[in-house]
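Same chain, two partners: chain A is paired with chain B first, then with chain C.
Our next item is the complex of A and B:
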């Protein structure tokens, strides 16, 4: 068992490092997106999957990360690469007071209040033109022009870092605390776990990781404006990736994000020319079906899927 | 002074319409114990139903409303019965699966509408869209006044339904204690499906009332979901009276914010209220009214 646990990641890592130089620009671009979403889904999974605080406003951290990088350039002309530090920092600084207030709520209220937080931040960034350039957005010059490979290795490092952070956290005492809060908050508090404090310990790395992905997005896309970095669809995509792969599992979010990006590109390439935005519709449908029939994701419901492929009747738990 | 009065009246009238939407959410929350994130999205579907009827048959939204409400009632009933309810008893890792499912369903409807109607902004111009009444220096927009009147009629009707009829009693019983209601012979699945339908029909009514005074595009739902949530929390979860008073207060606060602060920050006012209520009055207006 011990041998197997490092074998697959090592092979994946070698492929991820060695393969891209031989690919064309388009495929490198797709891989960059894959890695970006892997990092974001892994970050979301820490708070949403392990700690059970599913947030519908995580695009707020993404946007704050991106603006943390963009505003450095806008106001002081500092290279947006410093945003790799400033972006996550800004996301974390904003996340702390948000968490202190929203963690008073539970379940659905928490989910929606995070959506409200995200919308509010979007409106502030749209209207406070002196701070964020408002709807004009921020344009920077790309460091490596059309070259994609350096960006790829950057984002690969970010994805690896986020996986490492989550792995270490979940192997430590914190991981058990997070899971206990998800399973039964009252029981966890009864056992002496200060739940708000530990939710904060999950929120801070989560905001940092998603903010880091946002800062990278600023550097890679070279243009941001509030409606492209704070929309509901970014938060929803994080949820979709995690739900698809398996919430509360280590490799689930990465798997889900990979499937999501690849499928998205395929649909855009083949269905897009026929019926415009239909790929979003297909996603939303997939999300509904996944939640209804595979609520624990691909990684969480491995047995059910195996049974399906062996031609045996799958056993649906519950449902009348 | 005229400006202040004008602002208050405008906000009050708008608040009545918000209240109808929020009461739909409160009902669903009370009976099913979940927050319906797709609320605004389904309201948007109702608005497009009215819009389609307006462009094809020339029906006024206030009449088309009586087509849209049964439509949304049916959609809500079927969704709860065949989709959301299924997930309730499934053993999942995440506790909020039902809530996420409502989000996904909402997104499906947005994308269906986007494929059919495209993302363009649209509006419905009715014969009295720009008519006004004058009280001194203050003007009252006629469609807003009519919308408010119809909204209040719906609230009154709902109140009668909940307090005077057998079905209303079973809704309230289910909301208070699911198990006890089941022992008393209430068909919980039927009640929750009908309640979800009813909540959606109220959202549809709110959407149709907004149509003559507002514009329309597929992503219009999210702000309204958030408004309904803020009103629900402001009024106190699960309380219809709370949602009504919360809606009126919220409408006025938003209107004051738009006039005296900045129109762009109108939606931030709601969020500030949300934070203040959570920090200082976690029970909402419900607790104040009861006292």
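Our next item is the complex of A and C:
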């Protein structure tokens, strides 16, 4: 809820719009991944960062969004672009009963229940072949062939929309109530905040945003199967991005997602041929260091980082 | 029928009867004190009023509406605010944001909530602290912020749980002024307190409980001489000694 000047976001926006046409296909692909993860981390942050309900099963919404788009084509031959409506809708419709059940749990129990829910959905999609085509997956024809730029602007719009939705929510009553629930659920109830209801209000846009990213993924990758859209690593990547950038901060998740995607591509490109999927190991190390030294993420510990570079001692503001 | 009616309320934790058949009625606009030794069930009684712990039996009626089975946030919306003995600040929010979270109970507009919160923060003399994170406040201000946060939701009855505990004499005087100001606004106060100076100075009526049951009731002055009260606090020999 900090007041930020619009200068930096405006510059970033102009660069994000103007730069990509001059880049090669590979870099456009990376920027597409960056924007997709920006949207997903921002969506996850709404429920996990601001409202304090960290979910280890958010890949469920991603997969449901992707399948919402893919199944339109599979069953009725409808363009998967309609998935940008059907995907988030399916994610939200499934999220509501899940939330009503899992929000009765607190802390670690909630985290684990969401993990179980996501795995259950993955197994359903893997085995209910008539509905989802099972492990064969769904293949579509890409609208723009190998052209990347239209996809980029599509996903840029999705990322911008998700940031806008979260920004507006956090400026309103919803934002104050989400943070109150995170800080102390009992105190929040005592202030007249219906906590389960407001957790649902955080879950719905969260599921919608992540589902939208999933629907985009279907259109962009042109192939999905349950193990690529419902795996734990997708949920974990959202959490890692948010933890790295700063949970409960506005720009943190976007920053974290950007660093995460760029770093993993770098590691894959240079270290990959030698040591395979070592980037996950390096991320694990980075995350341990971040949690130890910057528990509020890069964006949440701005002052600490500044002090580190200037070599000044921390200043404590006394009580009196 | 009284304004807040507590009828034969019982709350047990396993074999322990924390609140044992308490019956009391509060009148509108009064300051009603509740005293008792440690572990006598004062906070538990508060927790049953706004249903943090549901009562095992008995019923609680506020303004003629039975609230025994209502959820905590509904009871708050009906007009019962509270503070906590062990303070529960929304730690990483500023004082003003804490109070705004309370003010949103009666409005959906962030501007209106901010105006209301500023007014209440001023009323509780927290203006110079308004932009500090709640976790860095000293205890006296945390307690005052809890009162402010509760007042921001326009309660008609406020449950104050040990507002003076842990405060020094000067801070107690300041807290007494605020409670009197709250009463002058027409808000009924139900006060749990250990600090006798605080309770004797402000309350209209006092009830003393021990082991979950009522042992005496009366004006503050009567209570300070009541043999049962002295026995509960100091032991049998002090009753005779006096």
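Keep this in mind: the second predicted complex is superposed on the first by the 306 of 320 C-alpha atoms of A that agree within 3 Å, B and C clash if a C-alpha of one lies under 4 Å from a C-alpha of the other, contacts with A are read in each partner's own complex, and residues count from 1 in each chain.
We adopt the following convention: a contact is a pair of C-beta atoms (placed from the backbone, for glycine too) under 8 Å apart; a residue touches a chain by one contact, two chains touch by 3 or more.
Remember, predicted model here, so these are calculated numbers, not experimental data.
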Room on chain A for both chain B and chain C (clash or fit): fit
Contacts of A:285 with chain B and chain C, given as first, second, both or neither: first
First (chain B), second (chain C), both or neither touched by A:19: neither
Superposed model, chain A: greater residue contact from chain B or chain C: B
Touched partner set for A:8, first chain B, second chain C, both or neither: neither
Which of chain B and chain C A:269 touches, first, second, both or neither: neither
Chain B versus chain C as contact partner of A:193, first or second or both or neither: second
First (chain B), second (chain C), both or neither touched by A:96: neither
Touched partner set for A:107, first chain B, second chain C, both or neither: first
Which of chain B and chain C A:177 touches, first, second, both or neither: second
Nearest Cα pair across chain B and chain C, whole Å: 7
Common interface positions of chain A, toward chain B and toward chain C: 248, 317, 319-320
Interfacial residue positions of chain A with respect to chain C in the complex: 1, 171-173, 176-177, 179-180, 183-184, 186-195, 248, 317, 319-320
Footprint of chain B on chain A - complex, ascending: 48-49, 52, 54, 56, 101, 104-105, 107-109, 111-113, 115-117, 119-120, 123-124, 126-127, 182, 232, 236, 239, 243, 246-248, 275-278, 280-281, 283-285, 287-288, 291-292, 295-296, 300, 316-320
Residues on chain C engaged by chain A in the complex (per definition of touch): 50, 52, 71-74, 76-77, 81-82, 84, 88-93, 97, 100-102, 104-105, 108-110, 113, 132, 136-138, 149-150, 153
For the chain B and chain A complex, residues of the former touching the latter: 29, 34-35, 37, 83, 86-97, 99-101, 103-105, 107-108, 110-112, 114-115, 118-119, 219, 222-223, 225-226, 229-230, 233, 237, 262, 264-265, 267-268, 270-271, 274-275, 278-279, 282
